[in-house]
Every structure is written in C-alpha cells, then in structure tokens.
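As written, the chain order gives the labels A, B, C, D, E and F, with residue 1 at the start of each chain.
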Amino acid sequence: MASRMLHTVNKSPFERNSLNSCLRLARKGSAVLLIEDGVYAAVAGTSVAERVSERMAELSFYVLGPDVAARGLGGAPLIEGFRVVDYDGFVDLVAEHDATQAWL
Amino acid sequence: MKLGILVNEGPFTHQASDTAYRFTEAALAKGHEIPRVFFYHDGVNNANKLSEPQSDDRNLVKLWSELGEKHGLDLVVCVAAALRRGMTDELLAAGFRISGLGQLIETGIEADRLVVFGD
Amino acid sequence: MPDENEFEGEYQGGTVKRFLYVNRRAPHGTIYPHETLEMVLIAAAFDQDVTVVFLDDGVYQIKKDQDTKGIGIKNFTPAFRALDDYDVEKLYVEKESLEARGLTAEDLLVPVEVVSTEELREIMAEQDVVLGG
Amino acid sequence: MASRMLHTVNKSPFERNSLNSCLRLARKGSAVLLIEDGVYAAVAGTSVAERVSERMAELSFYVLGPDVAARGLGGAPLIEGFRVVDYDGFVDLVAEHDATQAWL
Amino acid sequence: MKLGILVNEGPFTHQASDTAYRFTEAALAKGHEIPRVFFYHDGVNNANKLSEPQSDDRNLVKLWSELGEKHGLDLVVCVAAALRRGMTDELLAAGFRISGLGQLIETGIEADRLVVFGD
Amino acid sequence: MPDENEFEGEYQGGTVKRFLYVNRRAPHGTIYPHETLEMVLIAAAFDQDVTVVFLDDGVYQIKKDQDTKGIGIKNFTPAFRALDDYDVEKLYVEKESLEARGLTAEDLLVPVEVVSTEELREIMAEQDVVLGG
C-alpha cells in the first residue's frame, strides 16, 4: 500500500502551476524533491518561498544539488528545512518511498 | 530493488533525458536493477542515431547506447509514438528496440518503482 | 485508440497494481493528453486497477462539444467515452479546478465523480504507479 | 516605426505566466490575439477573466474561433469586448499591425 | 505583403506547427507572399519524411511538402538545430532544404512581418 | 556559439531593422535560451540593430556562478559575455522580475540596464522583428 509518496517537480514555480498543484495535493508525510528548473523554488527570499515554507511542517523537502549549482545558486541561501541531495540521494529517495509521482 | 524508467522528452530540447540518464547511471552504480528504460512521447527521439550534437556538448543518444551495452539494459522505444515522429528501425541507435506500449505497463507491474522523467 | 497489435503478448503475470493517471493539461495544444489516454487503455487491457484523475487544465480534456475540424487535428476525446467498455470506471475530477474554470459536472462528456481537494489527495496517495503528470 | 504591436498568446492562463506577462508589457493601443490553449482566457466567469477585463479599455482583444470550437467553448459566453476571428482574420491582424510578438 | 514564418516545434507534440500551417495557407489564399518558412528548435522535425501518423489523423510533413510544392515555398530547416536532433539530408521530405540560421535573419530583414509559432 | 559557416552569404542588403530578443525562460531546463542566443549572434553578425531583454525566468539566464558540470550539460551562458564583441550592447532586465526572484544587478554576469516595467514596455513596443518569447 503506497502511503508514502515521493513527488518530483521539475518546473519553475514562476512559470508554471506544477509546484502549486503538488503542494496542494501532496499528502502529509510525503516528500517533495525539486529538480531541473524546479530548484528555483528552494531559494530563500523569493516571491514563492512562503508558499513552500507553509508546508514545511507536513512535507519533507529535498532539492537536487547538481541542478542548484548549474543555475548559479550554489551560494544562495535555501529555505530553512531543505535538504540537498545528489543523483545518489535521488535514487535513495525513490527506493525509500512507496511510489513516485512526477509533477510536470 | 527494480527501478523502471520512463523518458518522455527528446534529447537537448528538455533536460528530462539528461536527468533520466544520470539517475539510471546512479541507480546502477548503487546495485539496483533497471529492468527497462521506456521512451515515450518525444522521448523516442533519444534513439535517433543520426543525432550529432556540437563536439563540446554531450551526445545523449550515444550515452544511452553505451550505458545500455555496459549493463545489458532493455531500451524500448514506443512504436506508436515513434511512427508519428518518423523514428523508424533504420534510425535506431545500438541497443534500442521498438515495441508496444504494453511494455511500459509491464514495467510498471514488474518493477518495484517506476520513475518518470518528462516535461 | 491503440492498435490491435499493441495487445500482443498481453500480460499474463496475474499481478494487479494500482495505476494512477494524472491529467493536468488542456487538450489539443499538446499531444500529452492524447498519448496519456493511450497509456490508460493499455493498462486497462492488462487488467490493472486503473484510476484516472482530472485536475488543473486536465478538466478541459473532458469538456463537452469539442469540435476540432477547424484546427485540422483529430479529436481524441470521444475515446474517453470508451473507458467504460475497458472497465475503467474510477474517474475523479477536482472540484476546485472545475470552479476556477467556471465549469460544472454538466459540462463534462463522461460520468465522473467530482471530489474535493482533500478527497483527491487521499485517492492519489494510495497508488503504486503514477503516469501522466 | 513599429508602434502598434500584435501580441499572440498560445498558453493556458491557468498553467503558465505567458498571458500575465503579455498583459503587463503590452503597450496601450496594441492588440492581443489568443490562440491554441491561450483561448481559455477569453471565457467569461473564470478565475482569470478579471485580469483580462482590466486591460480591455487599453488593448484590443481577439480570439481564434477554430481553437475556441476545438476546446468545446463554442457555446460559452466570452468576456465582453472580445472579437472572434478565423485564420483569415489572424492574417489580417498581422498585416494591419506593425509587428507581431509571440508570448510562448 | 511579405509574411515570413518561423516554426519552432515539431509536428503532433505541439499545436504550433498546425497553426503555422493553417496561417500560411490562409495568407497565401489572401494573396500575400510567403518568402520563406523557417524551421528552428524542434521545428526541424516537420521535415522528417519518415513520419507516419495514424491514418485518420493529419500528416503535417506531407501537408507542408504539398503546400510548398503548390506555391513554390522556400521551406528551410536550420542546420545547427537539425544536426543535434538527427534530422539529416537523407530524411528530408520533398520541398525542404537545410541551411544556416542566417536565412532566418534574412527573412526577418526582407519580409514585412515575421510571425512566430512555437511553445 | 554559431559555426563559422553560419555566416556564409552574410547579408549584404544594407537594410537595418530593429531585432528584439525576448528571454523569458530559465536556462538548462530547456534548450530555448541556448538556441535563442544563437539567433542573437547571427542577427548581430548581419549588422542588425539588436536589443535583448530579460524578464520573468529569463533573468536567471544571466545569473553569475552557473556551473553545469554536475548535470553534464554544456554551459552556454558564458557566451553572453561575448555579446559586447558583437556590438550587442542594448541589454535590458526588468526590475520586477529580478525582485520577485530575490536578485539584484550584482548577481548578473554581464552589464545590463535594469529598467521598470513601464520603461521595458516602451523599449519592446518600438521593434520590427521579435524573436524568442
């Protein structure tokens, strides 16, 4: 019984509604991993940061480090509570959760 | 653990194929089994052997072929998606094969997890 | 609709998993909804436990009265009516998505269950394989 | 001197920020033509309708009829002020304006 | 009036190519001149002669070829975009040719309007 | 960077038009920003009057410190620094887009003029050919 989902989001939160929908529909206790252009939502101090912070108590948030570095955000402060993983960590997250859902 | 992979976008235009490739590589290095990589939608273009990126950029078609050969991966291109996009047997890079969408569902059933990379 | 030959070698393993199809995109502007529907039909042919949800612009996929003659594209959406023949009966639509678009259940071309965001969250959480997106 | 622009928007206003940006940056006196998935923004009574109406006095709004019909909106009431054109009308709009900008 | 056309997406995956085709057809019928249709990004896939859509759906590659032949259109595929996507001379449908991106800029300069269809 | 052979048959007509390039997308997630930059360079080689604007996620294209080694993709963004050599000097960034993303002009890898929405509106309205999007 898939009760713990890993959600991935690969779209910019400024351009698309994918992150919004993920945050609206991810059940308490599941994990959200931001990848590709999705990583912009992990940065502190943007106009979308509060929407993410609001669900920090209920969801676990991860961000893919190589995508953060690629976008010049390696030195930027992330929203408190985010954990940075690499591709190995991505694989571990998939294995540790019961199913994976990609928000495209 | 058995991890099935679905790639929904072509190389270069979207990062999805790059991420899928890197994920697959990492999963194999960790000892997971990849029973199949399925290419759907524009993902079928990952199998086009005529692709010739600039010499200082990555060649995703070749990377998939090489990873496939090294680990005996089953790289499957969806026939229906391929037909409309003109991706035929004669264009197929080494290690890829064309088959039905049923192979994706089978992967979903038999793998422990199915991971989707798309746009 | 999938070709007959898609069903060659139909799955005989006996395992039944819960397949969730997430429709979040408008029809016709891109091919994703059309090709996602093809994935639904194959999973059904493999006797899997299929659930289809419509949220965000995905609700437009099942809007009545679509007539694509003027844009020269084949209208794939009547095939949603065939889902019943494939025993795909669990169709859910998010109420919030309908309302944001000024739509009601009467505007839809197939019978669906309109559910709240909270209900949809529970339905989507209890799945094994998630496709679409 | 291109002083009258025709702006086209082909993305759903619910999914992307293209229409928002077009409405923010289109100069008074220019025209906006909604095509493909952009036509959803022409329908009255949605959560984005007001944003469009707010600029009705300054911009001319058009919507591509074949795309409206394809999406099952042929009978839906449009926001007041929208004019429906076909592909011929699209061509005329391009010819009548000094330049065209596609918001993708 | 001279209307240049830029097509940025492949057939089927996005409606852009359909809209561009219908716009071009309407413009020609109204007596406008189309000095060039330029295919960039995934738009290069519109020239793939191997494309075989379902029999009850439109075949955009063929439609472009036929429109090109009927009106003597210059259908130009960008060489750099085509190379990375594996769209080579041997796949080129009738009426298309491969050339440099400079041809797009030239169209922008010489046409009265440039109309962009993309995603 | 474009191949040398892209410049074969360089435009000799003498007409100069105002080419506007609109960058609204983030880098690396899609190829559009990279291929749009190639279009900028060719227009410059044709001695056209080129303006490049960055708004929405396009401002991320010129963020400093991008390091794409970890994702295996060639970083095309250093080529923005070459725009000056091509006499492309009119680069504008929308202030509102920067602010929404918590960025300032100091975060950018090329010298640009940061302008208000009103100013950008005027700049974008006075163009002949608009590319990007």
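Note that in this section a residue touches a chain if its C-beta (ideal position, glycine included) is under 8 Å from a C-beta of that chain, and two chains touch if they have at least 3 such contacts.
Quick caveat: nothing in here was measured; it's all calculated off a predicted structure.
Chains touching both subunit A and subunit D: C, F. Relative to the C-alpha centre of subunit D, the farthest chain centre belongs to B. Comparing mean CA positions across the assembly, the chain most remote from subunit F is C. At the interface between subunit B and subunit E, two copies of one sequence, more than half of the residue numbers in use appear on both sides, so the contact is built from largely the same positions.
Distance from the subunit A centre to the subunit E centre is 38 Å, each centre being the mean of its Cα atoms. Note: centroid distance subunit C to subunit D, computed from Cα atoms, is 29 Å. Note on chain placement: the centre of subunit A and the centre of subunit C lie 26 Å apart, centres being C-alpha means. Residues of subunit F found to touch two or more other chains are 24, 28-31, 56, 71, 73, 128-130, 133.
Taken residue by residue, subunit B touches two or more other chains at 12-13, 15, 19, 22, 41, 54, 57, 114, 116, 118-119, whereas all remaining positions touch fewer. The set of subunit A residues touching two or more other chains comprises 10, 14-15, 17, 36-37, 66, 86, 99-100, 102, 104. By the definition given earlier, chain contacts exist for A-B, A-C, A-D, A-F, B-C, B-E, B-F, C-D, C-E, D-E, D-F, E-F. Interface residues of subunit A facing subunit B in the complex, by the touch rule stated above, are 10, 35-37, 66, 86-88, 90-92, 94-95, 99-100, 102, 104.
If you check the complex, the residues on subunit A that touch subunit F are 10-12, 14-15, 36-37, 40, 43-47, 65-67, 69-76, 86.
On subunit B, the positions that touch subunit C within their shared complex are 6, 40-41, 79-81, 100-102, 104-106, 108-110, 114, 116, 118.
On the side of subunit E, the complex with subunit B involves touching residues 10-13, 41-42, 45, 48-54, 57, 61, 83-88, 90-91.
Taken in their complex, subunit E has these residues touching subunit D: 1, 3, 8, 15-16, 19, 22-23, 25-27, 29-30, 32, 112-119.
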